[in-house]
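Only one structure is covered here, and it is reproduced in the block below.
All chains are identified by letter, namely A, B, C, D and E, in their written order; residue positions are counted from 1 within each chain.
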Amino acid sequence: MATITSPVKAESRDLNFYYSSGHKALKGISMALYEKRITALIGPSGCGKSTFLRCFNRMHDLYPGNKYDGQIVMHPDNTNILDSGVDPIEVRMRISMVFQKPNPFPKSIYENVAYGLRVRGERNKRVVDDKVEEALKGAALWDEVKNRLHDLAFNLSGGQQQRLCIARALATDPEIMLFDEPTSALDPIATASIEELMSELRNKLTILVVTHNMQQAARVSDYTAYMYLGELIEYDDTDKIFTNPGRKETEDYITGKFG
Amino acid sequence: DAAANKNDIIRIDGSSTVYPITEAVAEEFQKAKRIKVTVGISGTGGGFKKFCRGETDISEASRPILAKEMEACKAAGIEFIELPVAYDALTVVINPKNTFIKSFTVEELKKLWEPEAQGTIKTWKQVNPSWPDTPVKLFGAGSDSGTFDYFTEAIVGKAKSSRGDFTASEDDNVLVQGVASDIAATGYFGYAYYEENSSRVKAVPIVAKAGAPGVLPSRETVMNGTYQPLSRPLFIYVSANAAKSNPNVKAFIDFYLANSKELVEEVKYVALPANEYAAVNDHWKSQKVGTGFNGEPEVGVKITDLLKRIK
Amino acid sequence: MTTQASVLANLAEVRAMIRKHKRNDFIFSIIGLLALMLGLLTLFTLFIDLVATGYPRFSLDFLTNYPSRKAAHAGLLSAWVGSLLVMLVTFISAVPMGVAAGVYLEEYAPKNWFSDLIEINVTNLAGVPSIVYGLLALGLFVYGLGFGESILTAGLTLGLLILPIVIVNTRESIRGIPIAIREAAYAVGATKWQVVFHHVLHYASGGILTGVIIGMARAIGETAPIITIGALTFIAFLPPSPVSDVAPFINVEWLSSGFTVLPIQMFNWLSRPDHAFHINAAATGALIIVVTLLMNATAIWLRYRIRKNIKW
Amino acid sequence: MASQVLQKPAEPTISARLAKNVRRHVLERVIEFILMLAALSAVATTISIVVILLYESFTFFEHVSLWDFLTDTQWTPLFENAHYGILPLVSGTLTTSAIALAVAIPLGTIGAIYLSEFASHRTREIVKPILELLIGVPTVVFGYFALLFVTPLLQRIFPELPGFNMLGPGIVMGIMIIPYISSMAEDAMRSVPMSMREGSYAMGATRFQTAIRVVAPAAISGIIAAYILGISRAVGETMVVALAAGQQPNLTFNPMESAATITAYIVQVAMGDLPHGSVGYQSIFAAGLVLMLMTLTFNIIGHITRKKFRETY
Amino acid sequence: MATITSPVKAESRDLNFYYSSGHKALKGISMALYEKRITALIGPSGCGKSTFLRCFNRMHDLYPGNKYDGQIVMHPDNTNILDSGVDPIEVRMRISMVFQKPNPFPKSIYENVAYGLRVRGERNKRVVDDKVEEALKGAALWDEVKNRLHDLAFNLSGGQQQRLCIARALATDPEIMLFDEPTSALDPIATASIEELMSELRNKLTILVVTHNMQQAARVSDYTAYMYLGELIEYDDTDKIFTNPGRKETEDYITGKFG
């Protein structure tokens, strides 16, 4: 792994995850996310990509009976965010997420972006205004919506909605951002704009992205992890994974022989 | 065999005041004879309406039949036998917490209840200047009830002539409940309902004429004629046709008259004196149809006189 | 742009804020639980109150005696038999019709203005106050058709009242049956009616039954429409028996009989001057609650079981 | 392939087992027709209600001018000095309903939010059926409760409160309606897609924040539909007010006073005899017509709102 | 087309089909099914395979507003089964169908198989018993269920359920049997047993099968039709289609270049 020059931002250590059904969806996954790098997760449907990603902001806590086993440690503070003493809300404030299908709230564009601030109790209108503008600019949406900030978010196109969701996630200055197949519901043009945006965000924060689309992983990510049946098969530089994978299974998957 | 079915059951409806007596008789009668009896509560007026449509065999009444009702019966070819069965003291009550009212004069009651009072007489002070300026709440019998007719006749001077803005109910317990739970309230209903609830409502002595003493309702004051003008006889009206053709009805009335003294007292009304019962019995035996009244409520008649009037 | 120091400083701040917000969560869940419990608490108080007042009457005699002027001897015989007979009419009039209507709407009705019309009617009827059904009964059954104040009138009135409940529940349980089952039946050559009768009705029967029980529980407690048709009477006898000992063993005389039902008897006793009758009323109230609660509980249990058992 | 020559049989042979085709066809039609008649019973019921209310009201309005009916401030149709102003009954109806809703809307909403967003799956599974049980309790029992339990209790707080008043029955009606509103509002909130909640939680929102800021606004039209159908229920409720609110038509909006509602008037009159054709008899149909119009309006608005909401998700 | 030795059992003639939405899902399809042969329909998702198949037993009649235009003629009696004078129930009694997802009735195994007989008014228990046994044997299920005929059909495994559905369809001696992706909900072992079964049934009746799985088409069918956008692109011997397709589109599809 030649290009690893960046410090570790977070790492999972021997992580197992069990759904309430008893299904063991993650099997001893240990892997690190590097600061200000994009890490892509690939693998066939049902291999546990989303499950793994959602451990990072403890989304699984919303559904009773799910069980984590192992650690996800965040740096520099060395907090194990899966620790039962750590409040999932705290985790989610540090690590934000963008979902597969754009899911804006049934509110105005402005209020969607401001939501995270409101949740944090921010009341100062100036501060909120500034942050909203900054986030919308960061999500490359500002120019398109600056004159209609108080329109309902549902009136935006799918791609715009997804960028709005990114702005919403950005507005609270997260340290890590999770993307779960962020473009699978979008058309190619919208997809391109989201990919471009991710590349820009890379300057500010650490990104973990699940994708079905291998070309996408190759295009946007610095590192790629290949998962299969809940296990991490291979994790390396994206270039290496796509040109010279270390494992036969990875190669089969990449070349379309399997999956 | 709808007709057989009709004859099977004795249908009674009418006054809520008389209801307790008839109910008691019906209950004992059914035990003794195994003949079915239904007793409804529609109020005297309501009862006569059904009676004159031929829907019932016997109608209970807390006032005599009215001219209008006689016409209706006549039109339907229904003749009736009028049988007084007990006396009642129509009782005017107030809330026990009301301390300023010691008695009502007829005049005061009239002022309170006459149609002109509707929407205007709203405080006690407006009735009697010596009473406080606090609101009045009125509870009275519903417009289909004989009690209503008798009270308006006796107090206002014209049957059915009353203000309309009061809580009117055929259900005397609503009235008891209303007066018992509202310090501003007054109301009126039959004596039996007062007797049963004397701890919750207070009867008010009635001053018949200015200067006369206030008289409380009781068995004695009814019998000795001092509780005026609110003493009244209670009746049952038997369809003459049913009395002739339906042995069950005949048996029922026989039973009614034979047991009424005991049962009337049991349900807290004033039984007729022995001589009057004898007169009523004779009247029933003779099967004389018609009424001793001329179609208007009359205040203060004696039953023996009354029966003699029926030719 | 998070340096190590700023991350850590931020963290302390964030933790304090979360603690505050979580307190809101906690307070709200207490309030929420209380809000829900209020209804329950009321029912509980009410029931305890009724039982405490009415318990001297809890005996077999209370169910086997006729009403009487003596409170302690008065019983519910004519009332519960009346309720039973009225429910029989209600059942016969509402259930086949309601189920048939539900089947028609789900399986047959073309999706056009006509089915919309029926649909709107059903939803509306479900929201019509029961007293209005009383008025309908008074105008239509008592006077219009001359049924008088009879068991037939009362049963039909309550039948109409619960018709929308039966229809809606029938439709809902039919809707739960996957289209694949119908296609399977059609594919072996079943006619529409065969599909409905062999499959749809069969598999929906649990859900339909639930609706019927809920409807009947509702009907058993209805008072206002029964009062409106004028059934407030002293009845100390039973209507003629619906079955007779000679052929054809069915007797319809009882339909035109006068009657009383449980809530009316309770209402009647409540309007007695003598307080001893209020004990009877309370005992009756407790009985009505137990009966309706039992029926509803059965329905809920049934629904729960169906949901658990049938996984399409 | 299709070029292959086909031997033409003399006539199409329809197998013997299908000979009863025609009979089956007719039978199917007959069954469909019968089922349709059953479905039409709903329409017939509505028509009967409307016709009967309109017919009797029509004769009523031959005696009474519509203007008096709508503007007179007294309702004493059964007395000598008869007035036919529906306003006192409407005021009683609205006041008791308003009290009921003042109780049921906040508590029902809070309960719904609790059930949908806070309660564990198990709690919900237990509480919801119990709430449904509450809906099944006969109202006459609640009337008794309002009159003999709640009002005396209230009189300890407000000694001036008369035994018949609108407050007690209003509150009891409100409690009766809580489960109705909370269960319907909960349904509405449940149907807000999970992705919306996940979006909020992912921003670090607490349950309360998610419930109040995202789920409730998203379900708002469904929740409003629950309120409106709750209003319709309150307006149509009969026995509680008939037993406990007093039966005196009284043009007042003061909950501490007794009053009659439209429904209470109807049962009260119905308890006496109703001579067919009298103005008194017709008056209950006129009152019923007003009641029907009120509840119909609420029902329609409620159902439209609900339908709209259902279409959103 | 060398192997055509069998008479035509049914043929569609210039068949168009319109869904109630107005969508024209079949465009002038003419093709024949040969007696006691298996014909496979392949093509990309949405090309109209199921639509075509379901014309054969007039399943579309169940939903109002659908419109057929053209003929499907059955031989030897030369009945146009799409004719409005022909009762769809008659058609379904001659042509039975097995669906994508096993859809047994929630009744006993016995009753599931007997249902077609019951619908035909068969009351004789002996006859029904015999037919049920025969059908279950024909569906290679008899040995597995003979001791639990009165168990609920839902208690069978997916593959058993699908074989039960085949038995149900067999019990009434249909002339043609339609299969709409009969194995797509099944695991490989169950799939193999269904495929084997189809090959056996080929001795008794004519089969039309829709499949997504080209290997399956190649394995089981005698003829294969390739459809695309509602049109029949090519119809020929299965061997020919898979080794030497006549049309470029077919080849692209078969080799995975497209679809």
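Simple rule for what comes next: a contact is a pair of C-beta atoms (placed from the backbone, for glycine too) under 8 Å apart; a residue touches a chain by one contact, two chains touch by 3 or more.
Since we're looking at a predicted model, the values are computed, not measured.
Counting hops only between chains that touch, chain B reaches chain E in a minimum of 2. By C-beta pair count, the most extensively touching chains are C-D.
With rounding to the nearest 5, the Cα superposition of chain A on chain E corresponds to a rotation angle of 170 degrees. Averaged C-alpha coordinates put the centre of chain B at 40 Å from the centre of chain C.
For this pair, chain C with chain E, the centres built from the Cα atoms lie 47 Å apart.
With each centre defined as the average position of its C-alpha atoms, the distance from chain A to chain E rounds to 45 Å.
Counting partners per residue, chain B has 13, 41-42, 171, 174 as the residues that reach two or more other chains.
Among all residues of chain D, those that touch two or more other chains are 24, 206, 209, 271, 273-274.
Contact of a single residue of chain A with at least two other chains is seen at positions 89-90, 93, 120. Every residue of chain C that touches chain E in the complex is listed here, in rising order: 110-111, 178, 180-191, 194, 198-199, 203, 310.
Put simply, chain D touches chain B in their complex at residues 74, 76, 78-83, 147, 151-152, 155, 162-164, 246-250, 258, 268, 271-275, 280.
Residues 66-69, 230, 232-237, 240, 253, 256, 258, 270-275 of chain C touch chain B in their complex. Considering their complex, residues 57, 59, 62, 64, 89-90, 92-93, 96-97, 99, 101, 103-107, 115-116, 118-120, 165, 168-169, 172 of chain A touch chain D. Only residues 18, 21-22, 24-25, 28-29, 31-33, 35-36, 38-40, 42-43, 45-46, 49-50, 96-98, 100-101, 103-105, 108-109, 117-118, 121-125, 127-136, 138-140, 143-144, 160, 163-164, 167, 191-193, 214, 217-218, 220-224, 227-230, 232, 263, 266-267, 270, 278, 281-282, 285, 288-289, 292-293, 295-297, 300, 304 of chain C touch chain D when the two sit together in their complex.
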